[in-house]
Amino acid sequence: MIIQFEKDINSAQKEAIVNRVKGLKYKPTTVITQKGEYLIGTGKKDFDIREIGHMEGISDIHIVSDDYKLVSKKWKVKPTIIDLGDGVVIEEGGFQIMAGPCSIESEDQIRKVIGHLKENGISIMRGGVYKPRSSPYSFRGLGIEGLQLWYQLAKEAGIKIITEVMQVSQIAEMYPYTDIYQVGARNTQNFNLLDELGKVDKPVMIKRGISGTIDELLSSAEYVFSGGNERLLLCERGIRTYESATRNTMDLNAIAVLKEKTHLPVISDPSHGIGIRDFVEPIALASIMAGADGVIFETHEKPEEAYSDGQQTLNFEESTKMINRMRKTFELRESF
Amino acid sequence: MIIQFEKDINSAQKEAIVNRVKGLKYKPTTVITQKGEYLIGTGKKDFDIREIGHMEGISDIHIVSDDYKLVSKKWKVKPTIIDLGDGVVIEEGGFQIMAGPCSIESEDQIRKVIGHLKENGISIMRGGVYKPRSSPYSFRGLGIEGLQLWYQLAKEAGIKIITEVMQVSQIAEMYPYTDIYQVGARNTQNFNLLDELGKVDKPVMIKRGISGTIDELLSSAEYVFSGGNERLLLCERGIRTYESATRNTMDLNAIAVLKEKTHLPVISDPSHGIGIRDFVEPIALASIMAGADGVIFETHEKPEEAYSDGQQTLNFEESTKMINRMRKTFELRESF
Amino acid sequence: MIIQFEKDINSAQKEAIVNRVKGLKYKPTTVITQKGEYLIGTGKKDFDIREIGHMEGISDIHIVSDDYKLVSKKWKVKPTIIDLGDGVVIEEGGFQIMAGPCSIESEDQIRKVIGHLKENGISIMRGGVYKPRSSPYSFRGLGIEGLQLWYQLAKEAGIKIITEVMQVSQIAEMYPYTDIYQVGARNTQNFNLLDELGKVDKPVMIKRGISGTIDELLSSAEYVFSGGNERLLLCERGIRTYESATRNTMDLNAIAVLKEKTHLPVISDPSHGIGIRDFVEPIALASIMAGADGVIFETHEKPEEAYSDGQQTLNFEESTKMINRMRKTFELRESF
Amino acid sequence: MIIQFEKDINSAQKEAIVNRVKGLKYKPTTVITQKGEYLIGTGKKDFDIREIGHMEGISDIHIVSDDYKLVSKKWKVKPTIIDLGDGVVIEEGGFQIMAGPCSIESEDQIRKVIGHLKENGISIMRGGVYKPRSSPYSFRGLGIEGLQLWYQLAKEAGIKIITEVMQVSQIAEMYPYTDIYQVGARNTQNFNLLDELGKVDKPVMIKRGISGTIDELLSSAEYVFSGGNERLLLCERGIRTYESATRNTMDLNAIAVLKEKTHLPVISDPSHGIGIRDFVEPIALASIMAGADGVIFETHEKPEEAYSDGQQTLNFEESTKMINRMRKTFELRESF
C-alpha cells in the first residue's frame, strides 16, 4: 500500500498511522522525496482500505500489490514530467531526442556533435566519460576532465547533458556538470548506487539490465524513488538472448508494457538495441510506434574513427535523416 | 555458388558444368523449381568465378557463401512477389493484412469474420483447422471438414485462405482448399514437411521457430525453395526468452535483418509476438516501421469465447481501428 | 484426474463413469495402452474424489492437476521399466549406456563400433540413418538401406538399436529394424509423429526440444502415452541459451527435476549437451550424479573423419575410459 | 601478450621493453601484483615472439590472444593456490566446502551454524551481511555490526569467513573481519568495485553474472588481477534462461570449460544454481564430477524460518548427509 501524507501532518498522526499499518502485519517504510512524504506498507494479507483511509493526516491511500509501488501507474495515473529547465522537458506526449557519441573524445569532437544537434533542434546530448568495458585494457573514458570540458561547451550552446555514472563516488563529482545521470545496463541492480541517486535532486535514467526483467527495472526505479528522487526515466536498450545476428534483441514489447505499468517516461535506445548501423533507423521508428516517449542514439562525425561502438553509430547525414523521420512518426502516432 | 541454367541447355552441357563444379571440390545439387533450373554448389575453397561463368548453358552464376543460397538477396536482388490470383498480391511495397481467428470453430464464426474482413477491405483470412497443442487433451481443431466449409464460404466472398499444415499427409488433402500453407513455429525444422512443400505449387509461409535463429529460418526456406517451390514468405512471431511478462519476445530486429538478407516477403505476427490483446496494436505498428511487408493477426467476434488464444485476439472494433492505423503507418513509411 | 478401469469392466459401467465425469464439467478422454485402459478427465473445478471412486469398474483413481497426467509420478509411483528383450533392460537403479556414431556410414564403420561396444559390455547402439540437418545440402543419412544393413550386423552381435525417426511414414518402414525409436530435439513438438508413435509397441525415447521446457517434454511424452504406448524414455540433451562457448547448455537441473516428476527413465546425452569432445566425460559423470538412469553418447573409430558431429565424438580409447568411469560413478551414487 | 619482468629489472630496461611493445602497435599496460610485475600488451597484429623475448629484464613472455590474459592457463599452467592461513587452502586437487546461511541473522544463529560446521570438519563459513535485494523494502542485512559479531565467533572457532561486498566503501570497513570477499552475480561487471578489489591483499571470489558469459567472468577476474590482486576464485551459480521450473539454470558446462581456460580455482554454488532444497544435493555432486574445486551452499538450523532463500537452504541433517557424499564423490573423481 502507498499512503500519501498531508503536508501539515503532525507526528502523533504519523505514529498512529504507522501503528495501524503494523497492526495489519504490514511493514512500514517512510519515504520522503522532493515532492512529498509517503508511507509504503509491504505485506501479504488482504485488508479493508477503509480501516486506514479515514485517518487524520492521510491525503490519499492506494493498494498496490506489485513489488514496485511508487513507480506504479496504479497509484499515480498522471505521467511524470521531467523538466530540465530552459524549456527542455521530457514527458508523455512530447517527443525528446538525445543524441551524441558513445565516448566523449575531444573538444573538436564535442563541438562537431553540438553543431549537428543545434542544426537539428536537439536539446540533449549523450556521451560517456566513464565507460564500463568488459576488458580492463580497453579505453575507459576521459573522466571528470572530459565532462568539465563538455559541460562548458554544452552550456554555451544551450545543450543539456546526459551521461553515465558508474559508482557512488562519482555522483558528487559529476553533479555540477550533469543534467541527467544515466545508470547503465551493468549497474541496473547496483543497489548502493541506486540508493545514493535517491538523494540527488537531478533526474536519473535507468537502463534495463543486460538480461533484466521488466519487473526488475521497475524495482530498480523504486529504489531511487523510495530513496527520495522522483525524477526518473526508464530506458529499453535490448536484452541478451540466444540470437547472435544482432548485438542485443531489442524488446519493444517492454516499451508497450512499461507504458501501461508506470507513470515514468520510457526512452528507447535503438543503437544498443540492434547494434548495427544500417538497422538503427527502422528500430528507432518502430520503438516510437511501440510507445516510446523519447529516443537516445549514437552519432559521431566519423563513426569509423570513434573510440567505441563505431559499428552502431550514425554519421551526421544518417542522423539528420533519422531525426526527421522520427518526428514524423511521432506526429502520426499522436494523431491516432 | 548458384548457377542458373539457360532454358535450352542440353544434357551434355549440364554434365560438363556438373563435372567442373565437382572438379572444384564443390558438391553439386540440382534444383528445379516452377520458375527455372539451378545448380547449387556447396564447398569451402575459394575459386575464380571465371573458371565456370563462361561455360555454355549458363545464364548466370553467383557466389553465395551463406548456408542458405537460393533465398539470399546476394543472388536475387529483385523482391519475390507472391501472386494469389484475383488481384491479391503480397510483395515489398504493397502492404497486405491477413486476419482471422486462432481456430476455425463454426459456420457462424466464419461468416462473421468474413463480414468483418470485407468491411475492412482485407483479402486474406487466417484460421487453424489443425491445431498444434502442448497437451493431447486440448482442442485440436475441426480438421479437413472445417477447412472445406471455410473454403466454400471464403470463395463465395472472394477471400483467400492461409492455414497451418502440420504433417506431410495433410498437404494433398488441404490442397484444393488452401491458398497459402502456413508452417508453424513448432515445425520450422520439420525437414520432411519442408521437403514435401517444395513439391507443391502453392505459396508457403514459414514461421520462425520457438527459439529459431534468423539463419535457421532462412535455411528452412532454402529447403522448400531447393525442393522446387519459390513461392515463399517468412514470418516473425516472437521468440522464447527469459522474460515472462509477455508470451514471447517479439524480435523486430529480425524483420530489419531479414529484409536485407533475403528477397522473400517478411510478415509480422504481433498477436503471438506479444500475446496480450491490449499491446497487439503498438507491436503491429512498430513492426511496419521495422520493415514488415505484411501483418497477420488474430480477430474474433467475441475473443473471450474463442476456443484458443482469446487473450491475444482482438474484437472487431479493435481490429478495425488497428487496420486503419496500420495502413496509415505503412503509407508514412513508404513516403520516406 | 486419471481413472484406471478394471480389466472386466462392462460398457454400461464405462458409460456411467464417463457421464459422472462429464457431470463434474470434466472432459473425458479414453486411453487404451498395451497395459491397460484409462479415462483421463481434464477440467478445473475441485471435486470430491469419493463422488467417483466408489463406482463399479474402477480399479483406481488419482487427482493429477498438471497438464501431463499419465506420465506423472503423482499417479504411478513405481518407475517404468523398459525391457528390450534378451536381458537388456532400462530402468531406475540399473545404469544403461547407449553409444555409437552420429551417422551410420558404412558396413566397416558399423562393424568397428559393434566390436568396441562388445568389448565394453554395451548392449545398445545409437546411430542415425535419417539426419535432420539445418541445410538441405548437407548429408542426410543412408536411409532405410543403411538401417537394414546395421540391423543385420547388430542382431548377429546381440546389440539393440536406437535410432531417430523423423516422420510418420518412416515408423512402419523402420519397425522391423529398430528397438527404440528416438524423437529428436527438432521433433519434440511434432504432435502428429507423437500420436502415431502412440500406436506402436516399441519403446520411444523423446529428446527435450531445442528450447523446450521440462513441462513441454512431459506433455510430449503424454501424447505418446495417451496414444497407447507406455514404453517411454526422456532425454536431456542441452538447451539453447545465450552462452556460445559450448554448443548447448546442458541442463542437469532438468534431470534432477524430471526424476521427481515422472516415473519414466531419464537419459542424459552429454555429447550434444556440451558439444566439445574434451568435456563430454565430465558432463557424463555429472549427469549420473544428477540422477540419470542412462547415458547416450557419440563414439567413432576416427571422429575426425565422421560424416557429422566429429567435434563432439569420442574415439574408442576415450570411450572405454569414460565407460569405466561412468560405471564407477553410478556404483557410488547407488551406494548413497 | 604477457611479459613477466625479472625481479631486478631496472628502469632503462623497462623503458626499452615498453618501447618495443609500442613499436609493434601493441598497447602496453603495467601490472604490479603481490607476486610480481608484468607488462600486458594488447593488439591485433601477429608478431615474432623472438623480437622481444631476448631483451634484458624479461623473465618470461607468452602470447595470449584472448581478451583475458593474466587469468589464462595459456600463460600460467600451474593452478593458483588460495591460502587462507591456519592450514585452510583452496586449490585444485583439494576439495573445500563453504557453508552457512544466506543472511547472518543473530548470535544464536551464527553459533548454531558454527557448531554444525565444526562437527563436519568445515573451515569456511558463508553468510551475507549486505544483501542485494530486488526490492528496496526487503531485509537488506545486518551490516557491519553483524559482520563484527560473526567474525568474533568465527575466529574463536577457527572458522574463516566468506561474505559479499557490494560497494567500494565497504571494502575497507569489512577488511578486518573478512577472509574472502565475494562479488555477487549482480556486481560481476561492477568494474569500479573490481578495480578496488585489485588493491586488496585478501582473496576475492567472483560469481558469474546473472546472464554472464564464461568469457565475461574471466574478464572480470582480469580486472582484479590486473589491479594487483592474484588471489582469485571463480564461482558458477546458475544462469538466467527461459526455463522457469528452477530458479536458475546451473551451467555445469561452464565448470568444465573454466577448468581448462584458467588457472584459478572454480567453485560451484548449487543452492542458487537450482534454487530448490530437494535438488541441491544432486547438483552439488554433479558439479564435483564436472570438475569443481569446491562447493559453497546454504544451510540453516531452520530453513523455513530463514530471513531469505529458505526454499533453497538445507537443514543440518540434509547438510551433513550431503557433505559426506560430496567428499566421497570428490575422492572417486580424484581416483580417476
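Annotations
Order as written gives the chain letters A, B, C and D; numbering starts at 1 within each chain.
Keep this in mind: contacts are C-beta pairs under 8 Å (C-beta built on N, C-alpha and C of every residue); 3 or more make two chains touch, one makes a residue touch a chain.
The structure presented is a predicted model; accordingly, all values stated were derived computationally and were not measured.
Path length between subunit A and subunit D in the touching-chain graph (shortest route): 1.
Think of subunit A turning onto subunit B: fitted on CA atoms, that turn is 180 degrees, to the nearest 5.
A straight line joining the Cα centres of subunit C and subunit D is 38 Å long. Distance from the subunit A centre to the subunit C centre is 49 Å, each centre being the mean of its Cα atoms. Distance from the subunit B centre to the subunit C centre is 33 Å, each centre being the mean of its Cα atoms. Listed for subunit D are residues 211, 215, 240-242, 244, each touching two or more other chains. The part of subunit B that touches subunit C in the complex is made up of residues 27, 29, 40, 42, 67-68, 132-137, 166-169, 186-187, 189-193, 195, 209-211, 215-216, 219, 222-223, 226-227, 240. If you check the complex, the residues on subunit A that touch subunit C are 211, 240-242, 244. Interface of subunit B with subunit A (complex): residues 211, 213-215, 238-239, 241-246, 249-257, 260, 273-274, 276, 278-279, 282-283, 285-291, 325, 328-329, 332-333, 336.
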